[in-house]
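Beneath this line is the structure, given in structure tokens, with notes to follow.
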Amino acid sequence: MSDAVPDLDRVVKEIAEEMRQRPDRGEVASYIPELARVDSDAFGLVVIDAEGRVAAGGDSETPFSIQSISKAFTLTLALGMVGDRLWRRVGREPSGSPFNSIVQLERERGIPRNPFINAGAIAVTDVILSGHQPREALGEILRFMRFLADDSSIVIDEAVAASEQRTGFRNAALAHYMKSFGVIENPVDFTLGVYFHHCAISMSCRQLAMAGRFLAYSGRNPATGHSVVPPERARRINAVMLTCGHYDGSGEFAYRVGLPGKSGVGGGILAIAPGKASIAVWSPGLDASGNSHLGRIALEALTRRLGWSIFGT
Amino acid sequence: MSDAVPDLDRVVKEIAEEMRQRPDRGEVASYIPELARVDSDAFGLVVIDAEGRVAAGGDSETPFSIQSISKAFTLTLALGMVGDRLWRRVGREPSGSPFNSIVQLERERGIPRNPFINAGAIAVTDVILSGHQPREALGEILRFMRFLADDSSIVIDEAVAASEQRTGFRNAALAHYMKSFGVIENPVDFTLGVYFHHCAISMSCRQLAMAGRFLAYSGRNPATGHSVVPPERARRINAVMLTCGHYDGSGEFAYRVGLPGKSGVGGGILAIAPGKASIAVWSPGLDASGNSHLGRIALEALTRRLGWSIFGT
Amino acid sequence: MSDAVPDLDRVVKEIAEEMRQRPDRGEVASYIPELARVDSDAFGLVVIDAEGRVAAGGDSETPFSIQSISKAFTLTLALGMVGDRLWRRVGREPSGSPFNSIVQLERERGIPRNPFINAGAIAVTDVILSGHQPREALGEILRFMRFLADDSSIVIDEAVAASEQRTGFRNAALAHYMKSFGVIENPVDFTLGVYFHHCAISMSCRQLAMAGRFLAYSGRNPATGHSVVPPERARRINAVMLTCGHYDGSGEFAYRVGLPGKSGVGGGILAIAPGKASIAVWSPGLDASGNSHLGRIALEALTRRLGWSIFGT
Amino acid sequence: MSDAVPDLDRVVKEIAEEMRQRPDRGEVASYIPELARVDSDAFGLVVIDAEGRVAAGGDSETPFSIQSISKAFTLTLALGMVGDRLWRRVGREPSGSPFNSIVQLERERGIPRNPFINAGAIAVTDVILSGHQPREALGEILRFMRFLADDSSIVIDEAVAASEQRTGFRNAALAHYMKSFGVIENPVDFTLGVYFHHCAISMSCRQLAMAGRFLAYSGRNPATGHSVVPPERARRINAVMLTCGHYDGSGEFAYRVGLPGKSGVGGGILAIAPGKASIAVWSPGLDASGNSHLGRIALEALTRRLGWSIFGT
């Protein structure tokens, strides 16, 4: 893999350094011990451009729990399997509620508002499962992640998955609730098992930015030129990430950063500058909406300095 | 004003012709007679590019009631007056609710979720009013619209304003409700009067596209080069339009069209292709979310044919 | 008027004395100065039995603002005017929400859940108004109160009414909201004017207990034997008082006191022991649900000592 | 067992006959086959007075699924086990929502509004379970029912319990949701298992009226004079039945019938006339709120003819 252009590389390293020095780091997620014990000082940033050049700063090679970022990839996988029929089971409107709200499900008869709130991602997981054994579906998801990132070393953190499963009563409530409306078709335990495991995938910023390239480049892997999804689908996934990718902080992220992105409670964010770059950032401390505090600030600095906002220069 | 490039001009006229032939036209708003009697066959489309070239199709010169599209301009005006202090009185997250919901206000102590739902736009209007007489504030708004569109013939349709005021009990409820939390500072009747009047401004697609140019071109009027707002503010207004500009159909608009935009119940939509074009479309029939049915379809065709989506090519 | 039986009289005076000595007094309502300045040490209790005997303790002759207690009487008056047609405009189910919630109205298309939450009482007031001038409707209500209490000295506290009107934006929001659904038929200002004024009626515990006698004695004034309402209607008003009379503390009041009752934010409670007594208590300090703190405790003591609970001995 | 007084007996038989002839029968619950196949023409009514006299009409000996009526007995049992500490885990206010709503749980951090909505009854079941094996807890509940009804032939319908368990995803959602707030302490499957089974108890009107006697007679079995609960507790359970016993039709039941009662989706209602009678009625067709249609009408006729309303004569 070639080196990044000096300028981009310099900006990335500057930002990593600035972030390292900031005292405000947000609150590390503490609902399971595996996340609670992550070092709140960690920070990583990787940008991969259209030529495949990689600019990296900070802890760019440290694996972390991608958590909800996996939802961008399971959405891609499910759309590949059933196409637009997916939208019969999940909407694509922002939710106006916290990530794990069950209120909206009652008002809208079990159809989650979008694939990026927990309920929606569970419904998408159910589509991927579609009658198979959990182990098979999980293998499919993991192979897809390794293929996209060009990296067979990506694994699931079983301790994280086990903790999530042990404490995930709210997600179990969401799944049973959707089941009561027929939105979940597989046994609830199967669907939840797959869901908890794909959220427990561990990746570094480098691996994550690699995996996101197809969203930045019209559905193609720019290194090989191979198509992952049609260009229109890549655009549409980006659109859903922009409107729904940061829970009830999606408007704020669009307003400040101006890029489609998907965050995870592990502190990672995948952001896409269409035509320009695939970006991964990681800082474990979260803001009030559950998104990486410094991750968002770093991305805001990056897009401002490089003029990458999709909303104008 | 010079003519548009042949290619853009051809695409715009093709789309206008295709829309004219479609049988599906949505439902014209009927809550006041002035809107109910608008011809559902009307369709207009105007695109203005960075060089100021105008491509027009259909009823591009017919004035219509811009309704909620005015909210994009009052937001701009209020930000110019009080800057980021505006955000103490209104949020910038998608609402996940219909345009006139009062439920969210109860949950969030009178602070509207964003400036583009009715409650939010009323709060923004209250900021513009800020102690002045309604007549003065309204004059300010109208002068701003005429300045942006370079057209002193733009007027308020008093019959529409009077009908809105006579029937606008839901908006009066929202305003009194916010007043009870101290979010509205002026007398409720003053604020509502200004609100109902700026929603009753009449403009043609050409006038509207002219007025939107500053959002497409980094805050500047490309014809004169004069700055209307700083580039960052233009980007941010575009971001709010993308996440919140189409009520509870904002996710759908981003997914299908891929441009920031603001719709009105009169059937108009202002859409912005950053760096490329300011676009206005008008077709009075609405979809279930209250947005122009053919307007959205026309914009989807336009961005697809020209590759203008902000989410990739 | 004859004296009460010694036993009842003793119990009433004992309770008044016990209440006077308690340090816990709740919080006096402070949203308008006229209520805020009421002495939090005040306490009055009056019980009138079937023979018309009056047992009184504490500040039983001091007038206070009856506030929402008027809703029991306006309900009676409206049922007398339109009978069961009233229930087309207001329900009779407990609300499960605070007294001034607007959320429920959105879910149920402008029909308030019951006549004792603010929205419901405003709708009932609108029925009484029904095309007349506010002054006439208000005169009707006041005459009804004086007739029931056998006391022509009962008046409206104009300072309270004016304060309510000046600050009642939440109630104005409720009224406009119902107007948008056609549930309010008169001009909103007329209906609100009558509403604010009948809530501002001033009465002493003695006057209030007198006015409530018909509810305790099968719809009749036990002193004269004259029928005010049919027995079934008296039972039904008592039923609505039991399930809905104390806002979101109605279950608690039924659980602890075991009598139908209606409370007001001025600290008064009218309670009915069917066949046994009409009871009025007043202590200005409120609990978290907005009901008189010591008033409820006094009634709990009274029903326990006298075995008056409607739920068994 | 002695016969009822002629008059009461005649009224009961008249009402049974009137009900048998009515064409309007409501809708039989159809969510599980065991309930769906119950004869919609069935009707039973039993009244037991203070002297233990039994007046019976219609299908008074036919067992039916008591469903939610069991909640009145599990509440009694749980109060006997933990006393007022029960109220830390469940409220006692009417819900203002359908019986299986999950919205309220989100707003109130997992604490159900009262013990008679599904969530509340599941929480009460969890209290009874409290670390024991499901089989033991269930045995305890069944023994209690047999003791109260003086009838060892009462059993659980295992087919109903199995169907409920197979389809009860909404209840599973409620239980997992409460578990996420720590309101459920036992394994969710244990608690749900006991809940589904006690709802599947089969009883006839006669058995049910027998079991309810202690609520009518100050907590005592009038036949033996033995105390089941203290008088105050019986009153308080009656109070909760009155305000919350018929889901979102509780206000309606109080308004029309005027007695505390608890309904079940199997079409049964237990009603209590304090000091006068324990009453059980059964007719499988339900009204829109999920309460027995003819059951309510029969009880309204009964209380009117006998003057038994707790709200006056």
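Residue numbering begins at 1 within each chain, and the chains themselves are lettered A, B, C and D in the order written.
One rule holds for everything that comes next: a residue touches a chain if its C-beta (ideal position, glycine included) is under 8 Å from a C-beta of that chain, and two chains touch if they have at least 3 such contacts.
Predicted model only: the values in this text are computed from it and were never measured.
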Report the chain whose mean Cα position is at the greatest distance from that of subunit A.
-> C
Quick one: subunit A and subunit B, Cα centre-to-centre, how many Å?
-> 32
Here the gap between subunit A and subunit C, centre to centre from mean Cα coordinates and rounded to Å, is 56
So how far apart, in whole Å, are subunit A and subunit D when each is placed at the average of its C-alpha atoms?
-> 48
Contacting chain pairs, sorted by label, are A-B, A-D, B-C, C-D
Subunit C residues within the subunit B interface of the complex | 101-103, 105-107, 169-170, 172-177, 179-180, 188
Residue ranges of subunit D in contact with subunit C within the complex = 91-97, 104, 113-114, 215-218, 231-232, 234-236, 238-240, 242-244, 248-252, 254-255, 258, 260, 274-275, 304, 309-313
